[in-house]
Amino acid sequence: MITLNHYLIVSSALFALGLAGIIVRRNILVIYMCLEMMLSAANLALVAFSRFRVTDGLPDYSAQALVFFTITVAAAEVAVGLAIIVALYRSKQSVDVESVTKMQG
Amino acid sequence: MSIFSSEVFLAVLGIALVLVSVFFPKIPTRTLAWIGIAGVLASLACLLGASAAETSLPAFVAPYYSLDSHSLFYKGFALVITALVLWLITESEKTLVNYSLDGQIGELVGLPLIVCTGMMWIASARDLITVFTALELVTVSFYVLVAYTRKSALSLEAGVKYLILGAAATGVLVYGIAWIYGATGSLTFEGISASLRDPSTGKGTLLFGIVLLLAGLGFKVAAAPFHMWVPDVYQGAPAPVTAFLSVGSKASGFIILTRLVDSLVISSTLVSVEVINLLLISAAITMILGSLPAIFQTSVKRLLAYSSISHAGFLLLALACRGSTRFDLAAGDVVAFYLGTYLPMTVLAFFVLCVARRHGRGDSLEDLRGLARSSPLLALLMTVAMASLAGLPLTVGFLGKMMVLMAGVDRGYWGVVGCAVLSAAAGFYYYFRVILTLYSGDNSQTSEPIQLSLLSRVIAILLAAAVIITGIYPRPLQRAISGAPAAALTTQR
Amino acid sequence: MSPLEIVIFLPIAAALAIWLGAPARPTSLFAALVNLVIIAGIAFRFDGSSLGVGEFAHVSSRIVLDNPAISFAVGIDGMSLILALLTAIVTLAAVWQIVADKSAPFHIASLLISAGAMGAFLSTDLFFIYAFHELALIPTFLMIALHGHGDPANRRAVAWKTTIYLGVGSLVLLAGLAALVLNFSEGPVISFDLTSLLQQTSSVPAATQEWIYFTLLIGFGTLVSLFPFHSWAAPAYATAPTSVAMLHAGVLKKFGLYGLLRIAQPLLPLGAQAEWVQNALLIMLLGNILVMGLVTLHQSRLDDMLANSSVMHMGYIFLGLAAGTELALKGAVMLMFAHGASIALSFALCGRMRNQVGTLEFSKLGGLATNAPLLTVLFGFAAFASIGLPGLANFAGEIMIFAGTFDPKLLSPEKLSSLQWTTILALWGVVISAVYMLRAYRKLFFGTANSGHYLRDPGFSQRVPLVLLAAVLLVVGCCPSVLLGLIQSAWAAAKVASL
Amino acid sequence: MPAVFFYLFAAVTLLFGVMVIVSKNPVTSALSLAVSFVGLAALFLGLDAYFIGTVQVLVYAGAVMVLFLFIIMLLDIKAETGKTPNYAAVFAAIVVGVLLVLQVATIVSTFEKGKLTTLEVPLRPKEALAAMGKNALPGIQRDLEAGILPDTKLMGLQLYHHYGFHLQIIGLLLLVSTVGVVVLSKRENRTEGGAK
């Protein structure tokens, strides 16, 4: 029997993977992918919670609305983010995090 | 015009300004900026004329929209800072054009209006979905604004850093919302608050969500340990945008935090101790990590960034003191009061930086040396701003700090109050260092006199006067926060 | 509008006018003169006997914040009147003796410091008492750092030290005041109003009173250079421009003592009487008198010596505070006035000598009396006043303090209390100050003249401030009743009198 | 959803998630992420969230990942070579990740004591119909009567009936991001004042 717990563990594992990726990877594009993974993990948790909180015989759709908005926002963020990363690449010919460490102090 | 329609109007105006700047590149940016300022001021007038009991909300926003004294104050706050940021943009137009790609900075005038709309919606939000969408509207706009002057490598770097960390914060924020939803079954502040009184609500689940949500919001308000991005982004972003981030973005984060803390702490004791402890720990770390590195900064922008962090610490302490009846009655709300004091002094400091930049001075401390000879007025304005940021009495900064410290003492948070005192003491050093630099420098140095237009002189002097007059006579600010008649709002700037 | 408000804001307005381009010297002289006239007028017509507990004359109050209830309230009683008088006199002397080329910054700084002191002495709201004192912080900092004496790196270091000390002291003070206000207010409204606080029958438990008092003692004490927190004062005064040194050492430093007398002593009587607080205070003030006395003895420059002696003399005033008897407290107020005038005169003379002679090293100077009889006499006044010679103002204050500590109420037939032992030790301080003052006087003005260093009497105009201060010392010294009549009222009201 | 499918898709999601992190070639990372997202979409379907699952495939796996791939190809970003991984970071990442999962595991182990039901609750369309009453639109009514979950219709109802305001905000957000992309990715124009 698959319970809510199963989904939440998967979601947390996905979130942890995203977090770990941000810490480990140096390629900004890959880091950005990991961020998307974190958002998806949150979506999974939201959908799971909404499915297991059945009110009046139906899942709670307000949480699913939030998931929809999250996906949209993520798409918009990706668009802007990739534009910034492309601009960075054009000026530095690199997408390594070390190319953005000019400011220190 | 109702408040909501004035917000829609601002968003439309913002889009219109972007379009106009694209299709009519001949129209000078300055003109567009002043049109934007006029629009913001019109909205402000509309806000002042409206009352909190306004009922003419469209049905599709009404359930997600509150118009209490808090939201009115933060809406006014967003409008004022937007108008001032647009003014800063006109002041530093020359610099911005130099660093933009094709000498067009129309978007820089339009986007702040949309950000302002987002901030005003955040101020009214009653549920986490509105919070999330409006906050993302603000954040995504800021990604663009921070990286806008991308001919400057620093601005681009700042943009990338803000982007990566901001997106990470968004992820954490949504995950936190998910867990809070899981624990309480509700996405509205009222629903969360109500479910806390339900004995079957799982405390562990809720706390996990709260920690994540606080982490995500902590990023927006530059609270430790999520403050790492602040110095770099503040330094790299164009100065007007930095001012906007430092004041506007912070205020938005804090209105959300205020509502969250209210719904978690005040009505129930289920998680109140834990939430307050989290806030206090973060406040203590933020104050220390904000003020100690500030001592070693050589760039004024970075210094202001660290100062912004340490001010966030004070705000967090104020937040942890919410529910202290004496002081919530007192300042309307200490958090809002502190933000109200933070606005004029920060904008004043950034104004001086913008003008100095325009006249070929950079933003390092050495570049400000001898500013008093180039322009006694600018030096005096900066002195006022620094004195107020340091929290010297008879300036508005002191009142904010005093309120926070007294609220902390009243609640008996001695450890954090001790950190606050330490942080304020360190502040004496680094703010005074700026003041000293302004007035020192030998006579041999060439210093071209800096001319200011009459209008900017008037606005800047008004800001400085607001810093001092509100420091002596804070009653109007207090009235504005506690939702007194709109007439009292007029004096709040 | 109360005349007191005019007195507070006139210097600020004058400073602003000078910044905007008004002629510096006439404007500031005008402001200082008007202030002196107003304060003197108030003093002549002052009738303290009609004031009850915590009551003030010439009151005016404007609410600036509803809760915490803060109002811009001014008022005057005997003690604040005396200090306001001192402020007005020293301000006039200080701005009068400014002779620098580009004198505007000096005038602005002096006026702002003066306004801060006036505001602190005349406000009757804790918030503004505190706030006005801080007004002087930036001008003092900038003047020492930019226009002080000595090489730039050194004066900058001194400015930082001073500012950090004063800033941190103020923060401790703020913590103490906040705790006091919070503990005194019950219910939702928190009041900063001194009048209502004074009239309130306090129910704050003794333990709380003790630690609040101690916090205030440390906070105010740092501003007055109480012993372990004194090390900022001497270099600051030695380095600061003359007018700033006169105003800071003469007037502004008295703020800490004033605060203790005005706020801590009457509001926290149980704290003041607590054994451990008393003993701590006695040890600290002995540090001021004896340790600093010995340090002063070893100074080789006039400005260092004067600066250190100023720190030393604070010990006597603290002694009066520690005794807490009516006589001793009156003596303390008296000595505050006297010390203010005498140290201002000393620094004014010291500034003249530095300008004309170029050095203040004792070893390089001598025989200055030959060409400057007037300055010799005036320096004699200052030196003898500082020692506490009868006939000059300081004597009256010191003798009242010493006598006050042997008040019959405090004496036990069996043995002397720690307070009285302290007094006996403190009396040796008088000997120490006599030694260093007389030695300096002899070395500088008599003895063998050193070629190349001459001192001349100033012209008529520049004599005015010096003579003014000397005259004040003499008049008050000969008939202390001029001031004592005013002080009378201040202590009729105080709860400490019932000790 | 039968348990075997859950485990299958959860494994797909997580394994390809790991691939995203460990592969040195960004193209592999992007493709792995796309597969991972498809697995996630399947999990959504298992949760009866058909609309969200579809959107996940369309937007994430379809649009977003293609955008990523496009940018990687456009910039011609090569695989990282020769760099030794930062072992401290790897260690920290593993610790953080494991701690997070453990934390969640601890929390979910307490669920039964609280009000959260962890066992799957069957959906009861009939009951829902009764609860919705006249608010239900005809299409929804028909589906519920037939005992089907009208997921997409219910989402539509939710988005346009309850969350219209937020939809507008999102619309504005998309507009802002469009403007932002144009601003940030235009090439430097050397002639002053030229149009975009």
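As written, the chains take the letters A, B, C and D, and residue 1 is the first residue of each chain.
Here is the rule we use: contacts are C-beta pairs under 8 Å (C-beta built on N, C-alpha and C of every residue); 3 or more make two chains touch, one makes a residue touch a chain.
Keep in mind that what you see is a predicted model, and the values were worked out from it rather than measured.
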(request) Select the chain at the greatest separation from chain B, using centres from the mean of Cα atoms. (result) C
(request) Identify the chain whose mean C-alpha position lies nearest to the mean of all protein C-alpha atoms shown. (result) B
(request) State, to the nearest whole Å, the distance from the C-alpha centre of chain B to the C-alpha centre of chain C. (result) 42
(message) Quick check: how many Å separate the C-alpha centres of chain C and chain D?
(response) 71
(message) So the centre of each chain is just the mean of its C-alpha atoms; given that, what is the distance between chain A and chain C in Å?
(response) 65
(message) Centroid from C-alpha atoms only, then distance chain B to chain D, rounded to Å. What do you get?
(response) 31
(request) Pull out every residue in chain A that's touching 2 or more other chains. (result) 8, 11, 15, 18, 32, 43, 50, 53, 62, 65, 69, 73, 76-77, 80, 84-85, 87
(message) Quick check: what residues of chain D touch more than one other chain, meaning two or more?
(response) 103-104, 111, 116, 162-163, 166, 170, 173, 176-177, 180, 184
(request) Could you list the positions in chain B whose residues touch two or more of the other chains? (result) 129, 133, 136, 140, 143-144, 147, 150, 159, 182
(message) Going by the touch rule stated at the top, which chains touch which?
(response) A-B, A-D, B-C, B-D
(request) Please name which positions on chain B make contact with chain D in the complex. (result) 11, 15, 18, 22, 25-26, 60-61, 63-65, 101-104, 107, 110-111, 114, 117-118, 121, 129-130, 133-134, 136-137, 140-141, 143-144, 147-148, 150-151, 159, 182-183, 198, 200-202, 204-205, 208
(request) Please give the residue numbers of chain D that touch chain B in the complex, ascending. (result) 103-104, 106-107, 110-111, 113-116, 162-166, 169-170, 172-173, 175-177, 179-180, 183-184, 186-189, 191-196
(message) Give the list of chain C residues in touch with chain B in this complex.
(response) 19, 63-68, 70, 72, 127, 130-135, 137-138, 141-142, 145-146, 156, 159-160, 163-164, 167-168, 171-172, 174-175, 178-179, 181-182, 188-190
(message) Going by the contact rule set out above, which residues of chain D touch chain A in the complex?
(response) 1, 3, 6, 10, 13-14, 17-18, 20-21, 26, 29-30, 33, 36-37, 40, 43-44, 46-49, 51-52, 55-56, 59-60, 63-64, 67-68, 71-72, 74-75, 77, 80, 83, 85-86, 89-90, 92-94, 96-98, 100-101, 103-105, 108-109, 111, 116-121, 123-128, 130-132, 149, 154-155, 157-159, 162-163, 166, 170, 173-174, 176-178, 180-181, 184-185
(message) Help me check something: in the complex, which residues belonging to chain A touch chain B?
(response) 8, 11, 15, 18, 22, 28, 31-32, 35, 38-39, 41-43, 45-46, 49-50, 53, 60, 62-63, 65-66, 69-70, 73, 76-77, 80-81, 84-85, 87-88, 91-92, 100, 102-103, 105
